[in-house]
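What follows is a single structure, and I will ask about it in a moment.
A, B, C, D, E and F label the chains in the order they appear, each numbered from 1.
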Amino acid sequence: MTDIVTFGETMLRLSPPRGDRLERAREFDVQAGGAESNVAVAASNLGCETTWLSKLPDSSLGRRVTSELESYGIDAAVAWDERPESRVGTYYLEYGGSPRGTNVVYDRADAAITTATAEELPTDAIADAEVFYTSGITPALSETAAETTKTLLHHAQANGTETAFDLNYRTKLWSPAEAAAGYRELFPYVDVLVAPISDVRTCLDLDGDAVEVANHLASTYDFDTVVVTRGDSGSLALHDGEVAEQGVFEADTFDAIGTGDAFVGGFLAQRVAGADLKDCLAYGAATASLKRTIGGDVALVTREEVERVVTDEGDAISR
Amino acid sequence: MTDIVTFGETMLRLSPPRGDRLERAREFDVQAGGAESNVAVAASNLGCETTWLSKLPDSSLGRRVTSELESYGIDAAVAWDERPESRVGTYYLEYGGSPRGTNVVYDRADAAITTATAEELPTDAIADAEVFYTSGITPALSETAAETTKTLLHHAQANGTETAFDLNYRTKLWSPAEAAAGYRELFPYVDVLVAPISDVRTCLDLDGDAVEVANHLASTYDFDTVVVTRGDSGSLALHDGEVAEQGVFEADTFDAIGTGDAFVGGFLAQRVAGADLKDCLAYGAATASLKRTIGGDVALVTREEVERVVTDEGDAISR
Amino acid sequence: MTDIVTFGETMLRLSPPRGDRLERAREFDVQAGGAESNVAVAASNLGCETTWLSKLPDSSLGRRVTSELESYGIDAAVAWDERPESRVGTYYLEYGGSPRGTNVVYDRADAAITTATAEELPTDAIADAEVFYTSGITPALSETAAETTKTLLHHAQANGTETAFDLNYRTKLWSPAEAAAGYRELFPYVDVLVAPISDVRTCLDLDGDAVEVANHLASTYDFDTVVVTRGDSGSLALHDGEVAEQGVFEADTFDAIGTGDAFVGGFLAQRVAGADLKDCLAYGAATASLKRTIGGDVALVTREEVERVVTDEGDAISR
Amino acid sequence: MTDIVTFGETMLRLSPPRGDRLERAREFDVQAGGAESNVAVAASNLGCETTWLSKLPDSSLGRRVTSELESYGIDAAVAWDERPESRVGTYYLEYGGSPRGTNVVYDRADAAITTATAEELPTDAIADAEVFYTSGITPALSETAAETTKTLLHHAQANGTETAFDLNYRTKLWSPAEAAAGYRELFPYVDVLVAPISDVRTCLDLDGDAVEVANHLASTYDFDTVVVTRGDSGSLALHDGEVAEQGVFEADTFDAIGTGDAFVGGFLAQRVAGADLKDCLAYGAATASLKRTIGGDVALVTREEVERVVTDEGDAISR
Amino acid sequence: MTDIVTFGETMLRLSPPRGDRLERAREFDVQAGGAESNVAVAASNLGCETTWLSKLPDSSLGRRVTSELESYGIDAAVAWDERPESRVGTYYLEYGGSPRGTNVVYDRADAAITTATAEELPTDAIADAEVFYTSGITPALSETAAETTKTLLHHAQANGTETAFDLNYRTKLWSPAEAAAGYRELFPYVDVLVAPISDVRTCLDLDGDAVEVANHLASTYDFDTVVVTRGDSGSLALHDGEVAEQGVFEADTFDAIGTGDAFVGGFLAQRVAGADLKDCLAYGAATASLKRTIGGDVALVTREEVERVVTDEGDAISR
Amino acid sequence: MTDIVTFGETMLRLSPPRGDRLERAREFDVQAGGAESNVAVAASNLGCETTWLSKLPDSSLGRRVTSELESYGIDAAVAWDERPESRVGTYYLEYGGSPRGTNVVYDRADAAITTATAEELPTDAIADAEVFYTSGITPALSETAAETTKTLLHHAQANGTETAFDLNYRTKLWSPAEAAAGYRELFPYVDVLVAPISDVRTCLDLDGDAVEVANHLASTYDFDTVVVTRGDSGSLALHDGEVAEQGVFEADTFDAIGTGDAFVGGFLAQRVAGADLKDCLAYGAATASLKRTIGGDVALVTREEVERVVTDEGDAISR
């Protein structure tokens, strides 16, 4: 049986070597990356059976995405789009330190996923799973994608599968107001909300500290659990009026992309394993910290490594 | 003064290392490539002043294209598209020897050029040039692009600039019937037609050998000059009932993409220089042959190298 | 249900860039390669469900092998060896043209697979499959491996699964006499024998042409089908006294390693699909030919590409 | 019209990968780099029309330099040296962190530029420009180069073009005493002096803090403006007895080479734009800071990025 | 005459690019590395004549090791193992920052060196040398290697060659108890002991600070000199009751592997040069610090660079 | 004792990837290459003790050359030039197939070797050797180099060391007339002349076939042995009126640079081994053929491989 099912877009990520600019790029490193498959991979590496639902063109580029994801041990349950004009979304990632900053250029309009309907996806997998996860990126992709997201969340809840949702606000996809409206369409079907505090402030117009925000969200939208992430300031989770907190584990950052997804993957894996909130946060934080040391979107870690971080063992050269 | 102005789309060309398949690609070599800029670069390397007209997003990826082209010495006169959703066309190139064959996957739908109108392009450059060139790819990109192509060809002729047009049929862009209709819209404004014999057969439904085809085209559409290219079998040109012929110069092929464009660039450069038809064909063939030894879309050659091929000097190690 | 199950060793293949020698190598390209997984991948790419059985250390290097193989769409059913001293076999591949020749240096002694017993492998998969395949490399690895090979072949036959075996003689693993003895232990459990003519001559001491060899083998050992491969001279298959023949499809060779395995994979895929002998040989030959154009051990092809070769369509640039 | 004209040597910069030493280098990254073209590129990226004057061999290596520079959008106005023995200067750059330090090995003796005379350079461009810039490297290259530098500075002033000069002392080119003498030859023709404080101390034997140094230089040599740069301690500018100061913007340094040139380019671009001294320093500092995050000699930045640093916006991942 | 002779295993070191994990590695950088050859190279770069003794297969991979080491200027005096099954040890190095840590995976079982006997090694070189060095890795490789280590240390002492030994405890080779027993077999033949404080604590069960440990070791085992290294806390040396101390020189670490060996190489080179203990420590620390800035196992430094660190000169860009 | 001593310049060879042009090169592969060290390496690989004499700057770039050469097993006996302005010659190698051809751009003027005098070289090694070898490149470098070449050849002959000399005419270094005069200065001191037939025709103005040329040279200049090489047409040797001939061994050429030097190295190694003329030619031809399959200037071969070619064994994959 599958533990976790996720749904969302995975793109080809094209990045020039460090120190190079897109305007001059001579070569790109190629990887598959997307929030929901990132979450599935992280959870899979921690021992969950995971399935990722999506739609891709039936082409060498579409298979480029699934073959990489399957090498990570997740099940890629993809609706293959046979229209010749169907495309894979791509994104260009330019690394940069301060003050330049890392830059992401999307070229994802009209990707196959924007046409994905619930009918063409294997929704049985959702009904059988422990957790169904998607993020705020998916409904932002197209009206069809938003409709499908809602249908799948509803379908999950109706079948007793816990639903988890990360706001994952993307400026380049929609405005704060559009996002807020989109989120509110989905909140009735969400059990576990993961809310980056900056997204909450930008889109939902909530002030107050993380605890106040969590309480407000939980009471307003009746979530079972609310997780608020605060970047370097750590995370907290609220359930039944009880709050658990977790700091970040320091990391030598090699590639920050996917940190949040690694957190969610670690959190959900431990939740599926029946751990308490505090423990789920710790595994999320440890997975996120390890992710930062690894190139690419996904957290190529082992459960043993995550546990070593949680129990705070050293990082000397192991020989 | 500019000698040659061209108009068309230039894409980012992404190619995995030789022997690798797109389905597994881990890295892409990045280059700018497009028929009309390829022609401009080849002619420029042979000594012409050339300007390439196009439309690109005002982004790092758009500037990626122009900065490379300007490094080749051509003038990139680009209408910058400021819409955030504007995109650069891309194409994926997978090298392959027999029996697999080289494969091209386009991802060019809705590129900025599909919205290019004559009004936003610097058409004065065309009026002042000796030759205006575009190819059958451009009108296939969108209705707007087809309209603009026609307007520019008309504008050139009206101002005494010779017009040159290569059929450049692309299966993945339109059907033979659509192409034929598209071509016929433009033929009245074309002085020099470059016609790959296979495109003629596929789209224009003409049989007969190259001379018959050239005569038929010249008489039907009243072209000043018709050049028929026949792959390994060489080329011929017809003007005023007179035929010139040219074989191919043998090459150790490293990268065949852009061979036809190199031919046209060499041909037009020599035409601008006032050479006779036979000489134009020879320079075209020599430029094309050298191109095949060089990676990328464009013919990075010198006039001296082309002349050495035309006069058939050896290729021993030069030291 | 699984169509084809294979059993054997897969190694890490380390190869310096072309033109470089092992004695000076500064970098290695890394791939997973092994005869029986190569066969599984080729068959999988042609549409079969395939499972590969093996034993690997429970380590990052062991997972390096399975994650690559699973990215190719096959099921890696591996007995994980938890002994700290367990190792993955490696082989060093130095490309070289004539007169130097390509050279392979093995470092595979004491790899995990040498301790694999039938008990620790998921033999149910064999019983349920259409075809079980292994090659003469496996019994050469250790006495335990030889014993396990025999047990699995026997188990397959006993459960009505057709068995296929490729002699795959390796000078560096055993002597011709040892190989002959090893083969003869297994022949009673083999239905389909794939016999490279040079292996037959070296180890089994048979002269005569390919037809004579096939007949002799079939009558001596009572094989259902004998396939004799003859390198550039093509292949033939004998069944019930009837002979089918197939020439090779010409290829621009990029990497010859794995050609034979691609042939077997194509042959078996078509056999599972119920094709006649001639057709099986044709698919084998086409898969092998395509393999030669691709870097690495495995035939990263599509069924459509194989069929295009079988029906002999051209290999011009496809755009 | 051109805003800024610069004159100086640009070399091929050859650098092994980080962590590698020149004594073992197996591969070099190749870039074009030189103080005066670096300044031109930075200013160009901030919106100026810039022209760089130099002399190079008429060879593939000479064109290697100009084609890269033209891809950066500057005009390369080069006197082509047709002597077969003419050479491009090269420099080898070995990256190294503390305590090893980055090391530069020059191989620039007898480069084409050492023979450049004012007569063979397009001096009209200078007369028409707003600013003419060169640095203390140029007169150190040869007697002829020193003479030409003086002639061009004089020519600029005589035609109402503001002259700017950076001491840019290079130990490997001349002694402090030689440099001091060389500088003093040129100071009468300099309006804006850029003076790294360490160069002032080493060559001009001035003590005191930056303000004292600036005042001393301004009064002694009658400069219109003196800019003193102090590495991590920021910069100050003196004009008409008024002092402006600017700290550095912190940067994650990827490649420190060219930081000073980026500062000058940003400073001059803003000066041409009519900004006040304080603003010029801020743009210089911001351009310099961004440069440090980018590989290669030149500041591949946009005006928008520089302004974001000046107004101190964050550097989170932009998506 | 040779100054320093060392004896030990040198392996092929295979490392994926930074940020990549072994489980996904696509390419390996290849280098030769081993404690005792690392020491020899460091000492050689500081001006010593050094010879390294070992045993390797007589194959391209064996020569891969010696050709690299000889390029570093040391003499590789190798017993060539002609058994076809003879192998070179390999180790896989995965870089990782905190909290993941750098990881080393050994594949060194049954390497040629495990069969090396004193008889097949050129022991005359030892008798003629100033210093003979080996480390605790060597006796851990096999019983034969342990026996040979003892014989060579004894042989050195008997011929008036000073012996130096670094504990170099490796968890993956033997247990603390086994190591302690192994060390105690050799201590009678050791003059200079280099003892990482953590190895002392793990294996020899000694508490107390470094001075106490040094005194205890010196008095218990009658060493002439004891050097205790304490990672970031520096080192101290004890001789004749006198203690010298040395802090570490700060470094921007690029590759920490081989730091300890560089320390020993610098220490021994200076000892051979007749310097006092404090000076030996300083050269050791400086060599170690420089090593950290360089990729690979060995300290590719010059004596001049080491002296610049010892005398604490800056690390600005040198040009 | 040394078998063969050679004298000449070795440069850094910088080559962009195949298919790339120098005008756009982004990276260079770096190798050490020079005719006389190439010969020494080839002979060394066939079992000779060889020493190469030269002069290089005492710098990281100078050591770059010697460390590579010493990794090939030859002894680099170099006069270290301590002048700061001393330089290593470089050459740029651009690969190209027909009709473009491979191109070499030299940047070797004023390299350290141009100042090498016999006094600063270890001439004792010459007196003790079997053979002293240099080529026509060396006297073309400078008057000093020409004088030193003559002195060393004379010194060799005077001490009973056989002298060998390859014309190795280089258009880019001197004119045919200058070369002829230079050669004639040296011929009195040459025992074995290696004469590429095209060099003979270009510089020495001799017609006739290879046998006639050999006879003419032998009788005119009183050489002990004359070897005439004819590219693809093979070679012949004349001694005492007796002629031996040898065809070329076919090769898949990967890198043709150094083919002639490999021939000479193989020829001389076998001559030192006391073989007859025919056998020397065969080893030369086999070494040359193998060289063509290997990247770089030098013949990284083994004696076993050369013998396999001489005895004409196949080149199938060896496993």
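Methods note: a residue touches a chain if its C-beta (ideal position, glycine included) is under 8 Å from a C-beta of that chain, and two chains touch if they have at least 3 such contacts.
Protein identities per chain, from UniProt: A, B, C, D, E, F = 2-keto-3-deoxygluconate kinase.
Everything quoted here is computed from the prediction, not taken from an experiment.
Fewest steps needed to get from chain C to chain F, stepping only to touching chains, is 1.
Listed options B-F, E-F or B-D contain a single repeat of the C-F interface, assigned here to B-F, on the basis that more than half of the contact pairs agree by residue number.
The chain with its CA mean position farthest from that of chain E is B. With every chain reduced to the mean of its CA atoms, the largest distance from chain C is reached by D. Our note on geometry: chain D versus chain F, Cα centroid distance of 44 Å, whole angstroms. We define each chain's centre as the mean of its Cα atoms; on that basis chain C and chain D are separated by 62 Å. Shown for chain A are the residues that touch two or more other chains, namely 21, 23-24, 26, 67, 71, 103, 172. Under the contact rule stated at the top, the pairs of chains that touch are A-B, A-C, A-D, A-E, B-C, B-D, B-F, C-E, C-F, D-E, D-F, E-F.
The touching residues of chain C, counted against chain B in their complex, run 71, 249-255, 286, 289-290, 293-296, 300, 305, 308-309, 314-319.
The residues of chain F lying in touch with chain B in their complex are 17-21, 23-24, 96-104, 106, 170-172, 256-257.
On the chain C side of its complex with chain A, the touching residues are 67-68, 70-73. The touching residues of chain B, counted against chain A in their complex, run 14, 16, 21-30, 59-61, 63-64, 67, 84-85, 87-88, 90, 92, 94, 103, 105, 107, 109-110, 172.
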